[in-house]
Amino acid sequence: MTTRIAVIGATGYTAFELLKILARHPSAELIIATSRQDGNLSIQDVHPALAGCFDLPLTQLDVETIRSEVDFVFSCLPHAASASTVGSLMNGGVKVVDFSADYRLIDLAVYEKWYGVEHPDGDRLGSVPYGLPELYRDEIRQANLVANPGCYPTSAILALAPLLKEKLISTNDIIVNAVSGVSGAGRNANPAFQYCEANENVKAYGIGTHRHAPEISQYCTFVAEENCEVLFTPHLVPMHRGIFTTCYVRPNDGISANDAFAALRDIYCGEQFVRVVNHPVETKNVANTNYCDLAVFQNNDRLVVVSAIDNLIKGAAGAAVQNFNLMCGYDEATALL
Amino acid sequence: MTTRIAVIGATGYTAFELLKILARHPSAELIIATSRQDGNLSIQDVHPALAGCFDLPLTQLDVETIRSEVDFVFSCLPHAASASTVGSLMNGGVKVVDFSADYRLIDLAVYEKWYGVEHPDGDRLGSVPYGLPELYRDEIRQANLVANPGCYPTSAILALAPLLKEKLISTNDIIVNAVSGVSGAGRNANPAFQYCEANENVKAYGIGTHRHAPEISQYCTFVAEENCEVLFTPHLVPMHRGIFTTCYVRPNDGISANDAFAALRDIYCGEQFVRVVNHPVETKNVANTNYCDLAVFQNNDRLVVVSAIDNLIKGAAGAAVQNFNLMCGYDEATALL
Amino acid sequence: MTTRIAVIGATGYTAFELLKILARHPSAELIIATSRQDGNLSIQDVHPALAGCFDLPLTQLDVETIRSEVDFVFSCLPHAASASTVGSLMNGGVKVVDFSADYRLIDLAVYEKWYGVEHPDGDRLGSVPYGLPELYRDEIRQANLVANPGCYPTSAILALAPLLKEKLISTNDIIVNAVSGVSGAGRNANPAFQYCEANENVKAYGIGTHRHAPEISQYCTFVAEENCEVLFTPHLVPMHRGIFTTCYVRPNDGISANDAFAALRDIYCGEQFVRVVNHPVETKNVANTNYCDLAVFQNNDRLVVVSAIDNLIKGAAGAAVQNFNLMCGYDEATALL
Amino acid sequence: MTTRIAVIGATGYTAFELLKILARHPSAELIIATSRQDGNLSIQDVHPALAGCFDLPLTQLDVETIRSEVDFVFSCLPHAASASTVGSLMNGGVKVVDFSADYRLIDLAVYEKWYGVEHPDGDRLGSVPYGLPELYRDEIRQANLVANPGCYPTSAILALAPLLKEKLISTNDIIVNAVSGVSGAGRNANPAFQYCEANENVKAYGIGTHRHAPEISQYCTFVAEENCEVLFTPHLVPMHRGIFTTCYVRPNDGISANDAFAALRDIYCGEQFVRVVNHPVETKNVANTNYCDLAVFQNNDRLVVVSAIDNLIKGAAGAAVQNFNLMCGYDEATALL
């Protein structure tokens, strides 16, 4: 038996990756793909790489049609637009994975401060599981709506959560330095992401203002069960895909890098998509995969925990399908290996 | 004594390269830089790499001011806009190098067919030297207005002209296959030139319709003194700068690759910016320089002549300064080595 | 029922792609992976991206062990070394896809001239099907040994063969201009393929001497049923994977680009991995896929046929698995979509 | 009057950049270029981009010849090899800029611990000025030998030194996270820096073990006049040139990002090659220049100081010529703007 699926907001890079995974998924049947684009475009018009995989028009978003025709929705809409649609979908029995940030933060005031908009479906905040199966698998299995994590938060939280949970590191003074490929910026034409601006260039951006900072801090706080204020600095580097995250943390008394390594290995030993390695972590090893690779080092009085993911897969579309598999009762790794 | 200069249309990539060269030129004094951009921007606002080099506001284009304050204008405006301005400037005694295509073709009908606009200053066509000093040095020295060549034509004509002139190759069946870095597309935000579209990607474009085709054919015809219809196919490759051109030509009876090599060496022996080499031609050897590197090979019954330039330097700003130097009586290589 | 597999020469880039595909193949069981590397390395030591996918040591090549333990061999050895091993394997009942050039040419003298070595298994030349299923599907199904095509030949022959077969183009004066990503050069440390040499660089290489020239000419000759001497010029461009091929051909009298397009569409209408498109052909649309995209244009008196493949997939490992599927009776597209 | 120059170890990437700058320098006359390469190679054989700029053979290193024929030596030899040669040159009256690490650390034991070799000229340690003119201009002017700084240290020390000197930040808990283009690894063929390994890839390396860590700590300690133990983590990113450094520091009581910005502006106001900016710092703005761009931000309870240089210019060859200019009495910026 297959699950009938709608992808709303199907023209961007994460939707493209999602469609590629769904094309390989034996139980996913794509019924509807929507876009605000004008004209009678099909999926292969906006994603020519998918010619021959899907023969489906892009349609305007219509909540009623979706509620009557599909079982599952992947919402790839921008924040605010997404919650506005998702809210009305939830009343109709469909299940939803939301790629936007709308349901990740549990505090309405924090959301509205960082995103600068009124939340269109704020009542739901706090009751939506965060779609990181490594932390919230049971909750995801039961959920009708899951908040797909941000890309930077995925890479940072997978590195930090076990160490915080096991009380191996201090909740104070956690520094997360991350670099991302350009696809993280999305597909819109933007002068700053033209080839000749982004190629052969590195820059930091959003220092102190990036919206993934409160998301990282919130989930670190949850697992640590005490307040974590994580300092987060993202950078843009000239590659298509991949995030490399370098976390500087303070070990608690007597804790060595070996202890931290052992704890990571132990906690993630049953996880198919987290690899705790003792060779160099490199983004090329996780490119086009749903893996997160982790390693830990001693440096002076700090531990340095490094993490690599593909921002479009484990940081977006792969995680979404992992959540989909859990929510629908399929094997968690279906179409992801 | 210095020459007072205006750069009109100063925000693009070729203007940026031009400004970098002018900053090193001992006799060039930049007085005016114009832009259609709104706001009170300065050069370093749009070209932060030039912070500390120029302290000049970007102003709106005003022909009267330019005529009264400068001796020399580099016009980096788009076609049609450029001729419209250049025409009025010419009446005022300033000298001009025009980066646009407006004065390169000598036949008004050909211009209007390929560019799809009415020419604003068509009477001047045919009397403006083509700014390739290797072919038209004497004419450039005497001129008040010079048509700076297109990037692809520069790379192709420097490869083909001596062989046509010396009657070593047939005027029939010349195929020019060229690949260019992305900066050739200019600085405008365009979905097709976003990093994630252009990186890790090659495509052909404008097959049979690229406007540089008639420009190449025209100047090949001039030097050959008989009609040359060159078949031209450009491609986009993932790099910032550089053009690599592969010309497939038919040698006349008894002409070998060695003969062609000797002819190229001979004709270009006094040229500072053309190197006829017997090691591999590679765009990295000419990147950020005003050089054109050439080599020639035998392959079956064809000669293959390859050529590399930096599209922004020898294919635009460097050639413009080379022309400027000739028009103002400076040493031709000033600021270009 | 699964097929037991050995991959010999498992450390290079094509072997890496092959292993990734085999990991997804429901009927492929990897039993042996060999390497000349010293030490007790495993697959994941040389391909850390495959950590968690395979838990297999790299062993020294031993023909007897392979003959007794596996059903199918993928040989990723270099030319000459490959035929030397394959020859002895063939006597043992295993089936083989050979990635090397050893069995592609049918004329021993041509092989020995272009490859500069004595052929270790020359008697077999001429009886081994060329592993391009679009041309030789029936022969491949019956074969115990298949010669996997070269990457450039795949892209060129898929573009040219139908037009030659249907007598739409002349067998004379075919020019094949191709550009390849750097992975085509293999994984060996080589100064010319260091990042800082290959990045931001384009060059032609092997003009008139590249070994894929006789391979292209031979199969064009077969389908045309008259002699084709194809002029081939490869180039290196700064990307990881992908080949873009631009073929300049002469249409026979009265044949237009539309005719050629219709013929390509017609011949390939049942093929899952060849897409004849009327949008721009770009290597990014075929990256990481087994597709070949084709389009055709008119330019002056020529047709220009363009073709894009992923050199590591359709140009190597994907084609090999396509052949494997045919030789073992699996669905041809298994693990390839 | 010109200065006669020898470049020893002339084949690498920093030597290439040095030669390009020297070609533009009106007072530098290159007399000797040495290499351990076999054969009768010339400069343009190993650096084809310099064809036409220099017509000089590469010779074997001969100390006596150098002492008798040149006034100034740039040593681009590896560590240990460099000091071994430089020591003998110093007795002959020539002046030297040493690109290697041999004279940067003042403590012999620290040198021998981090570099793992015996120092061939250890007596000189501690009396050789560190070639960062922004800190040691007067000492450099008087010196016969200058230790050209490491690339990462240049970017980090220029960011940190003024803040430490003015006591605006704590000497404790300074974290320096840096990313570098691949040219920092030098020109030797190395599997890890092949295009297909380094492209589309980010990794951290040398965590806790990189030799630039003690160099950064030493000069921070000098300017702070108290012990600074800097935690340093370098990363490799897919670009040719450029270093982006992100420093996480603790402001002293009451010190804001604005205070730090003002201090940086103040201290560097007379410096031609340091730009303290209030637009985003990006490596592309300093590529191919001798500039270091700096900016400072508040983030939680930290200041984040970011810095960008071209590792081959301000981080190597440009700094070397800046030192050369000072040591020979030329204008400090000659050939560097």
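Going in written order, the chains are labelled A, B, C and D, and every chain counts its residues from 1.
Following the convention adopted for this analysis, a contact is a pair of C-beta atoms (placed from the backbone, for glycine too) under 8 Å apart; a residue touches a chain by one contact, two chains touch by 3 or more.
Here the structure is a predicted model, which means the values were calculated and not measured.
Counting C-beta pairs in contact across A-B and across A-D shows that the higher total falls to A-D.
Distance from chain C peaks, on a Cα-centroid basis, for D. Look at where the CA atoms of chain A average out and do the same for chain C: the two points lie 36 Å apart. Separating the centre of chain A from that of chain B, both taken as means of CA atoms, is a distance of 46 Å. Inter-chain centre distance (chain A to chain D, centres taken as mean C-alpha positions): 40 Å.
The residues of chain A that reach two or more other chains are 197, 199-200, 238-240, 280, 282, 284, 287, listed in rising order. Residues of chain C that touch chain B in their complex: 173, 175, 177, 179, 181, 197, 199-205, 207-208, 229, 231-233, 235, 237-242, 244, 246, 248, 280-284, 287, 297-300, 302, 304, 306, 308. Of all residues in chain D, only 23-24, 45, 48-49, 51-53, 200, 272, 275, 277, 279-280, 282, 284-289, 291, 293, 337 touch chain B in the complex they form. Chain A contributes residues 13, 182-183, 187, 189-191, 193-200, 238-240 to its touches with chain B in the complex.
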